[in-house]
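Here it is, the structure in full.
Every chain is named by a letter (A, B, C and D) in the order it is written, and numbering of its residues begins at 1.
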Amino acid sequence: MKKFLFKRAISSAISLTLLIVAVFFLSRLTGDPTDLYLPIDASQEARDNFRAVHGLDRPLIVQFGNYVWDILHLDFGDSIRRARPALEVVLEAFKWTLQLALITMTLVSVAAITLGSLAAFNVGGFFDRVATFFSLIGAAAPDFWVAIVAIVFFSLTLGWVPTSGTGTAAHWVLPIAVLFIRPFGLILQVVRGSMITALSSAYVKTARAKGVTPKKQIFVHALRNAMLPVITVIGDQAAALLNGAVVIETIFGFPGVGKLMIDSILQRDFSVILAAIMVTAIAIFIMNILIDLAYAVLDPRIRY
Amino acid sequence: QENDVVIALNEELETVEPCMASQSNIGRVILQNISETLTELNTDDGSLMPRLAESWEDQGEGTWRFNLRQGVVFSDGSSFDSADVAHSITRTLSPDLTCEIGAKFFGGMTLTATPVDDNTIEITSDPAQPILPLLMSTLTIVPSETAMEFTREPVGTGPYEMTEWNVGQDIILTRRDDYWGEQPEVAKATYLFRTDDAVRAAMVPAGEADIVPLISQIDATNEATDFAYPNSETTYLRVDSNIAPLDDIRIRQALNMAVDRAAFLGTLVPEAATLATHMTVPTALGADVDLGVPEYNLEEAQRLVEEARADGVPVDTEILLVGRLGNFPNVTEVMEALQQMLSETGLNIKLEMVEVAEWIKYYSKPFAAGDQPALVAAMHDNNRGDPVFSMYFKYACDGLQSGICDEELDGLIADATAQTGDERGDAWRAVFQKAHDLYADVFLFHMVGFSRVSERLDFTPSIATNSELQLSQIKIK
Amino acid sequence: MTQASTPVTTPPERSAFQTWLRLLWADKLAFFATLFLLFVLACAIFGPILMEDIATKQNLRGRNAAPFDLSQGFMLILGGDQLGRPLLARLIVAAQNTVAVAAGAVVMAMLIGSALGLIAGYSRGRMAELIPRLADVIMSFPSLLLAVIVLYMLDPSVGNIILVLAITRIPIYLRTTRAEVLEVRERMFVQAATVMGAPTPRIIFRHILPMILPTLLTIATLDFSFVMLAESSLSFLGIGIQPPEITWGLMVAQGRPYLTSAWWLSFWPGLAIILTTLSLNLLSNWMRVALDPQQRWRLEIGGRKNG
Amino acid sequence: MAEPLLEVRNLSVTFHTARGPVQAVRNVSWQVAPGEVLAILGESGSGKSVSASAVMDLIDCPPGEITSGQIIYRGKDLLTMDADERREINGKRIAMIFQDPLSHLNPVYSVGWQIEEALTTHGTARSQAKAKTLELMEKVGIPNPAASAVKYPHQFSGGQRQRLMIAMALALRPDVLIADEPTTALDVTVQAQILSLLEELQHETGMALLIITHDLGVVAEIADRVVVMNAGEIVEQGTAAEVYANPQHEYTKRLIGAAPGQGEMHENPPKTDPILRLENVSKKYGEFTALGGVNFDLCEGETLAIVGESGSGKSTTARVLLRLEEPSGGRAMYNGRDLFTLSPRELFEMRRDIQMVFQDPTQSLNPRMTVYQIISEAWVIHPEILPKTRWRDRVSELLEQVGLQAEHAHRNPHQFSGGQRQRIAIARALALEPRVIVCDEAVSALDVQVQAQVIDLLDRLKDEFGLSYIFIAHDLPVVRDFADRVIVMQKGEIVEQGPVRQIFENPRETYTQNLLAASLDPDPEVQAQRRAERLARTA
């Protein structure tokens, strides 16, 4: 266990380094922020000056050296656009994203696992068909459709919740509801499929022979056996949310990391891109370690 | 609160630095609300009004003297004097700061500010600028203590000060008691940021916002709240006149005739937009409303192309039609329609929609299209009243975005730039005329924007709303 | 030797194809899903040849024509788009790019991802440690940045878009496969195969993969819609497929501003995406049952009842 | 006779399969009274387990279907009862010991938890349940209960798992206990211990016991009455002694005639060169030493039986030998090479030669393959054995040799009975035509008749092709009939080895002597006598 964590920490750190190196060089192949930052009619002089100020005129390898040097001093550089430390900008946004991801994934997991298991209990039954149908439609519908229709209906027509923004708990309702739908559909299907197999195994019969209630047969005996693919997919969906839900953030004016990342990419604000990747990557790496630990906890036959 | 307004902007403010106020999203919050300028452009008639400078006179040799308003205090309590102006100029033009205002309006010139006394200052430009007072309408004044780095707490002489900035969420401006001018009605303004057009528009009926400066044409359906106003943007296709077959004037004429401009109005482009004949807005100096819009005539266009073909012009060369995503509402559809219209002349037009970073490479020299003839769709914004901000870049041989190189045109531009007074207008008119005769571009529209204003307010957006939103002009019903 | 269990009736031998067809017919939803998918496939293959001209014919003055109005000809039954082009024809033509991109990306991601996952899960050597880290890296690499990088350096052709989308989808297959392999490889029948001398590929493909495939298919079918919509957001940022090329995703995205004024612009392509995804999923659910001997009776019985 | 506690009337069960319905149970009726022991004997695949499952409401409907009949418990028909009532009965009133313990234990929960659950489900407090669990585990002979309770099923030996199942079923002292082959994986001493435990319980609570078995010795030892099933029908019933002494039905006669342990023992094993030599092989699971230095030779054409108490490391020896587990030490010389150091390439060659029949047949068959695919896989892997055109015929031939039918080739493993699955596993091992087969309890789930048939087959193959067997078994009569040499294991060590006659007639070690003494005789009369003697001794 300790050995596993140690090994994982090392290999994750190496991955992170590789990731940063790759992003550093690759992102710089996509162009120069100068043209995007300065007005279109800016003189060559102003451009050269801008490059010099932001160190963009130096050879790439020197820039990289400086970057590494700064990072070692815990300085992630300044955002060109925002003229602020990039890490500060990213953490501000990540705070929102993290909350959104945690709340959403918790709700999704609970709902999808419960309903998916119930659907699997009576395959082809009414509940199964209804759950499958609606979850699939939700999962396949374009998210902005759902978002806009929800705003028009719940905010404009009914006036129950604010259209967008942050501030009160009510502001969270729609973004979470819309974010909920796709992972819910996907996870429900994975749970359902995995549970169909688990529910037909012999050990569930043993449970039945013991007089265990159907509820426990499903959620205690079969579910744990069916959980491996489920937590994997939950992890994948959570990672997607941690990387930022761009559409939702855009529509609901949610100051998360997804929109920040997109803007920074489009503006070639490299320090912010790198800081954002670093922060989300660490979050995702930690999550994956937890998931791998969960495998071993869920299934004692898996040992690392 | 009765006297509070909520304004939903389409983009988050990345900084609140006054010297970046020429960026429209920053300008809408800061310009004339927090930071004021020496002069102010009256967008209705193109005249120049006093603001922090009460008057100004040309001293000759590129030097202008400005007499500053007295009794003005900054929101941090310090009083306004000529040292502040001098510092603001240095700061805005400083190479260390790369301010947008400096790069955009003061590129290629050196300004020297010499305070004469506390309330008088002389500003000299090299080379001489006949329109220096107009340029000063862009330069935001900050106190002389302001550090030489981007500030996060803007201080200005305007009627409001920034009291809160929750990054990503909102910015709050509160009315100052010690403003030198008339007390505005609005006491507090909250700025929210919503990128999505439909959501932004919905915020007014939902009661979450009072003013939404930019809504999409499609959402502008409520006459009581939605206002259309010219937004000083002009759309056009820049033609690479140096590359065959576009170097043939018949081809350029054919392109101009092939566009059924009227068909766009009220469909993809708002009804209220007007057909463009030249690069600047109709209220700018020298604007010639009498220039004719090339008439839509497909047969004639086809004939011209055939004629050129007969003369050995390589009309079958693939011509790139480059559009920029998100440039203006419906841009993709407009470009698709243009591609079809232009193709009907018999030319070989290929549409390419690109992201802004790539588009700039097509638009500014050296052109990314290289040897391939290209038509680059662009939208030009000149709300400063004088064509000088446009014409050199767009038409001179060395102009950064110029697709044409014509000696006579170059001469006309140089002449107009140096003129002052009434002759200046005439000189510009000649430039417009020449560009028109050369079919240097395919002009499309002077665009309009839409804003939604809650019925509770008495406020009519105007052309100025594009770059600033003066809270003091908002009245409460 | 006595007869322990006698089949009461011995139905005549049927060809494998007939058997599968019967199993398919037993699940009516899956049957119609298959028909729909075949129809989409036909559109993808023949659509552009047959409809290209109709689909690109603009009519600015007749834009956003409302649906269900036959007075303007059958082609406008689903309405017209922003440029007055018939939506029906555009949907049919767009099927080609859409299917190419979605199927290409999903299939590629699934093949590569599950192959890597199998190696990572089955091998106990260095690969078991390295490959999951690769997934970590891809997972934390913003897909948009990847798209910008790849499509900046290469041009935004269908192939490159498939490449980008496929790469970003690899981790889910990789990780799911790996997790399942970790468990399945411990089962006794895998050991039995080992004892018989089954080479590793056989153990992986014949014994382990079939146990995992249903889960992978479930994910893959739902990924279809995801990839279609992701592709459209790339287009929107200028790094995906660009007009005048069309895909359903792009149509949905372009219709977005009209959601409240001309809903049909994005509704039909959205519906096409939903129906395709739904059909694929119904089919994969059917396959899960049909391929699992312990579940197959569900179809066999149903088939008898209905047949 | 007392009022019956559980009565099955005219029960018929049909399974739907792709090739039409299969009638697994036809018109079966039997009953048990309190305190009574009813044994169901019968051919493997004759519907014994299915009828028991019907009582427990464990038949999946569909694909299974109870087409007729009633199951009456204390005057109430279980088949018409609602689910809640039914649940109250399951586990508490009627409990079942499953035939195949590995698949019936939940792999992801500790065994202690699973036993506890049987108690808590029916209202025992958790703390009490914990103590009770340890007590039960102790009773069924699991070493070190406290430490074992937190282990998972895969960490136990086959016999230990079976005992855990038994503990689970006994937890609530049910009125009726259905024991489906409860002792197939148990060595005779433990078997005796378990049987007396059951008896004890019967005395205490008046429990009715329905025992499904093929072991005539067990029947003789504890059954009051016997029901004989064949092909889904009851062909004969009566008291144990009656049926043994005076079988009426043709099938019963054959069955009793096939009881092992009556034939000639193999004489003077042919002393050939050893083809396999284990030197000091050891295996540790963490701290626990499962094997502590095992040495033995296997000669060509020899049958080497390994007997010994449950959990003594028999299966571990086999698994290590086949490199399914990496050994902790030692060498295994085969053809002059150490099996433990072979490269994957060389291992592949060796795999053809040494085959194994696993102790848990269900788990060792891929559920997604048909029997045809399972058996012919051998030839896919080693194509030189048989040309593809002959596969179909050869599969049919093998199936018939192990007592199945050619048409079974299209079924999937879950459609078979426990014994049938075991035979599929044997057929698979034979398909490869190996030189050594390791049989881990390979015939333990078979009725004596099929058992005899399979053993005959193995014997014949040995003579024809010079096969060698390592035959792990606890069923001493079978060992006696089949083995040339015997190894006795205890606690991971070999305590005695020698020719079969020597071990059976002159056992040196007390452990071996005890083992032999605990062996059961199929004749109820003999068994009754032995019991009386034993009781007298203990009294």
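Some points to look at:
The rule we apply is simple: a contact is a pair of C-beta atoms (placed from the backbone, for glycine too) under 8 Å apart; a residue touches a chain by one contact, two chains touch by 3 or more.
If you're wondering where the values come from, they're calculated on a predicted model, not measured in any experiment.
When the C-beta pairs in contact are tallied for A-C and for C-D, the bigger tally goes to A-C. Averaging C-alpha coordinates per chain places the centre of chain A 22 Å away from that of chain C. For this pair, chain B with chain C, the centres built from the Cα atoms lie 47 Å apart. Taking each chain's centre as the average of its CA atoms, chain A and chain B sit 39 Å apart. With touch defined as above, residues shared between interfaces to two or more other chains in chain C number as follows: 152, 186, 237, 259-260, 292, 294, 298.
In chain B, the positions touching at least two other chains are 198, 355-356, 358. For chain A, residues that reach two or more other chains under the stated contact definition are 30-31, 148, 152, 200, 266, 299, 301.
Every pair of chains that touch is listed here: A-B, A-C, A-D, B-C, C-D.
Those residues of chain A that touch chain B in the complex are listed here as 30-31, 35-43, 45-46, 49-50, 53, 79, 81-84, 89, 92-93, 96, 148, 151-152, 155-156, 159, 162-167, 250-253, 255, 259, 266, 268.
Chain A makes touch with chain C in their complex at residues 7, 11-12, 14-15, 18-19, 22-23, 26-27, 29-31, 123-124, 132-133, 136-137, 139-145, 148-149, 152, 182, 185-186, 189-190, 193-194, 196-197, 200, 228-229, 231-233, 235-236, 239, 243-244, 246-247, 261-262, 265-266, 273, 276-277, 280-281, 284-285, 288, 292, 295, 299, 301-302. The touching residues of chain A, when paired with chain D in their complex, are 200-203, 205-214, 216, 221, 224-225, 298-301. Of all residues in chain C, those touching chain B in their complex are 56, 58, 60-61, 63, 82-83, 152, 236-239, 242-244, 254, 257-261. Partner chain C is touched in their complex by these residues of chain D: 16-24, 43-46, 62-63, 102, 154, 230-232, 251, 322, 324, 347-348, 350-352, 354-356, 358, 360, 363-368, 370, 377-378, 380-382, 400, 403, 405, 407, 412-415, 420, 425, 428, 432.
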